[in-house]
Amino acid sequence: MTVQGVSKAFGGIQAVEGCTFEVAPRLITGLIGPNGAGKTTVFNLITGFLRADGGSIRFKGEELLGLAPHEVEARGVVRTFQHLRLWGKMTVLENVLLGCRTPLGESVVSLFLRPGRVREEEAAARRRGLEVLEFFGLAGRAHELAEDLAYPEQKLLSMARIFATDAEVLLLDEPTSGLDTDSLGRIVPMVRRLVEHGKTVLLIEHNMELIAQLSDEVVFLHQGRVMARGRAEQITRDPTLTEIYFGA
Amino acid sequence: MAAYIAHYLVMVGIYTILATSLNLLVGYSGIFSLAHAAIYGIGAYASALAALKLGLGFWGGLVVAAMVGALAAALVAIPSLRVAGDYYIVASFGLQVVILTVFINWTSFTNGHAGLPGIPRPYVLGLVIDDPFKYVVLSLALAALTYLICLRLTGSAFGRTLRAVREDEIAAAATGKNVVAVKITITTISSALGALAGSLYAHYITYINPTSFTLDESIFITSLVILGGTERLAGPFVGALILLAVPEALKFLAIPDTVAAPMRQILYGALLILFMFVRPEGILGRPRPRSVA
Amino acid sequence: MDLVLQLLATGLVVGSLYALCAIGWGLIYGTTLHFHVAHGAVFALAAYYAYVAQKLLHLPLILAVLVAILGAAASGLLIDLLLYQQLERRGAFRTSIFIASLGLLILLENVIAIVFTPDPMRMDIGALNTAVIIGPVFLTYLHILTVVLALVGYAALMVFLKRSRWGQAIRAVSSAPEMARTVGIDLDRVHLLTYAVGSALAAPAGILVAMDVGAEPFRGTRFVLLASVGVIMGGIGSIPGAMLGGVFLGLLENLGIWKLPSEWQSAISFGVFLVFIVLRPRGFFGRTIHGAEI
């Protein structure tokens, strides 16, 4: 996925400007920077929750800029939220099922005219949903309400939900924030496994160490501009960048 | 006495259809509409006019009613749901007002306040439905049909999507759901069903006029939904059973008419408030789930 | 031509009434995100407070009006305190707040109808009834007062919001509630204040109408819905927009009568509203209503 010269202003503030970077396939790219650098804004721009003022976002030869979030998802790019935004009143399995492909079940016409196919599709979706939950270690909780889960498990669920969509590019917004060291041990390997599964990951992360551990490539954002791009070891050891990061 | 109960049951059937269809919107999708009485009225007038002017039977009238009702709702929903749910409240209020104005003022079509008398009775398989008892069967059968349709809708992936949109539509959009399309679809279906109730009503009372389809009526239907419970599909039926019995009970207390009408409204208003406190899900609704632990 | 001028003038007067309701409602909606239809009940109550103050307590008109405005502000505040905030404490959805508000509107209107009957209750307005003739246009002093009060109310609100500390607190909560909370602003208090101010603005509208044609229990519903249309057209979060929206609606309704029968007045307004939200959903000056922080 290529982000090219993307910019976005709010009121008088230029949140993002001339943002350009690439997300290489089947790698983990970290998006880091001090608070307020515009990282979540970039996520919003890529996934269509915000409309960029200018620039281009291309994936597999298609332009993503200007598309609505569900259209971006259909093209294979999804994101999680820092505040999770799970459907707390629905079960864990339902949360994942909503990510699975169920076009017939969602079409009112098919519901009434092709009940057999709808039934098959739902059964297949359930099977897949349970598989996804297995993969994330949540299968035992399938029928509990999402809001009853412990925080680390909720984080896993938010990843499971987008994993179920089969999208190729997964944008993870602070997947490890608010977790203690034990829980980190559950999430971090999971992110690696996503890539092993063939996914491409772009993640926002605050913890420099984790970035060094996890990411293959890093994009450093500051005041809405890309300050640096490169291999993780380079960036995390660069003293100027470290100063900006901690000084800002 | 028996005929009286039969009449009560016919109305319960009609209002169950109205409340169930509104529940799809308010309860299930979290979209609030003040226009359901107008949709009810559209169904009634469409069906009545189809019979009186085009000679269509009851079943033809039903289809016409559903289509016109769906169309009217879609016309309003498409511009307003694209933006934000609160816009739909205002837009639906507008629809209610405009439609009522049409009923009252487009006299060449609707006869205005004089109303449309002489609406023919339905024929079912050659049998004319001309007494309250036969009508009870028809009414409750259609109510059951509506219930089954809604059951199918809510138990499906579509229903799941509706609930997700209601709880957090941003998450739904991020997970690939076309939120606007879903909302427009459910609004259209809800209105088609509501209009159906109108058709049933028109052929039962055989006379309709604008006073049955005012904003007060929309609020009454809303009270049915709230009282009966928004998450359970059988809720509206219970709501109808209870609230339709109230005016009769009030009659027993010999309250003068001028006070009775506002008293009923006060009751509905109080009910709405009370239920938002006690159980936002209504009598039969699923209680807010507590932790399994 | 004479007719058009008259309609414009009447439209301006009616528009001023809508504008007062709209800026009050818009302030409340923009700050609390409550779809406060019970604002219509406050509108109606204000008229009856003035009526009771003048006719039953025998207060002079000006005092009666002041009492009514204070009464309205208190009523609005109590509605938030005793109803909305209580519901929010129980985790109510926004739809639930709206339903409760609707229930309250119905309840209050009908209680008034039982106590005072649905017939219009007229007040003594003495000299205000005097006719003023400007060219072909016929107005009364009351009508002119209406326009003046709308402008005064608007100006007062803008000054309050820009200059006073409480006004700034309201603006902070209105544009970024979470951030306002983190800098220590008590959201509940600010909400109460917003309701008091917003309701105080609706009061003159209700009272002026009552002075013109008498107080009626059910008029508020129409006014609050038109106020919300005005706010949406003007842009949510923009007080100048709400002002403009209200005036625009008043003009629209009255000019509409020029060519179309008067029964279609409301239909015209809502029809225009629908067209408007298709073409410019943000309204004249609104911020994008995408709402939630992501």
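Here the chain labels run A, B and C in written order, and each chain numbers its own residues starting at 1.
Here is the rule we go by: a contact is a pair of C-beta atoms (placed from the backbone, for glycine too) under 8 Å apart; a residue touches a chain by one contact, two chains touch by 3 or more.
Bear in mind that the values here come from a model prediction, so they are computed numbers and not experimental data.
Ranked by C-beta contact pairs, the top interface belongs to chains B-C. Centroid distances built from C-alpha atoms place A farthest away from subunit C.
Each chain gets a centre from the mean of its Cα atoms; for subunit B and subunit C, those two points are 30 Å apart. Taking each chain's centre as the average of its CA atoms, subunit A and subunit B sit 41 Å apart.
Here the spacing of subunit A and subunit C, counted between their Cα centres, is 44 Å.
Counting partner chains per residue, subunit B has residues 170 touching two or more of them. Chain contacts: subunit A has residues 49, 81 touching two or more partner chains. Annotation for subunit C: residues 294 touch two or more other chains.
Residue ranges of subunit A in contact with subunit B, taken from their complex: 47, 49, 68-70, 73-74, 78-79, 81, 85-90, 94, 97-99, 102, 104-108, 111-112, 118, 121-122, 125, 144-145, 148, 161-162, 165. Listed in rising order, the residues of subunit C touching subunit B in the complex are 35, 83, 86-87, 90-93, 95-100, 102-111, 113-114, 117-118, 221, 225, 228-229, 232, 261, 263-264, 266-267, 269-271, 273-274, 277-278, 281, 289, 291-292, 294.
Taken together, the subunit B residues at the contact with subunit A in this complex read 152-153, 156-158, 160-161, 163-164, 167-168, 170-179, 182, 185, 189, 289, 291-293. Note for the complex: subunit B touches subunit C at residues 26, 30, 32, 76, 79-80, 82-84, 86-87, 89-91, 93-95, 97-98, 101-102, 104-105, 170, 215, 219, 222, 226, 258-259, 262-263, 265-266, 268-273, 276-277, 280, 288.
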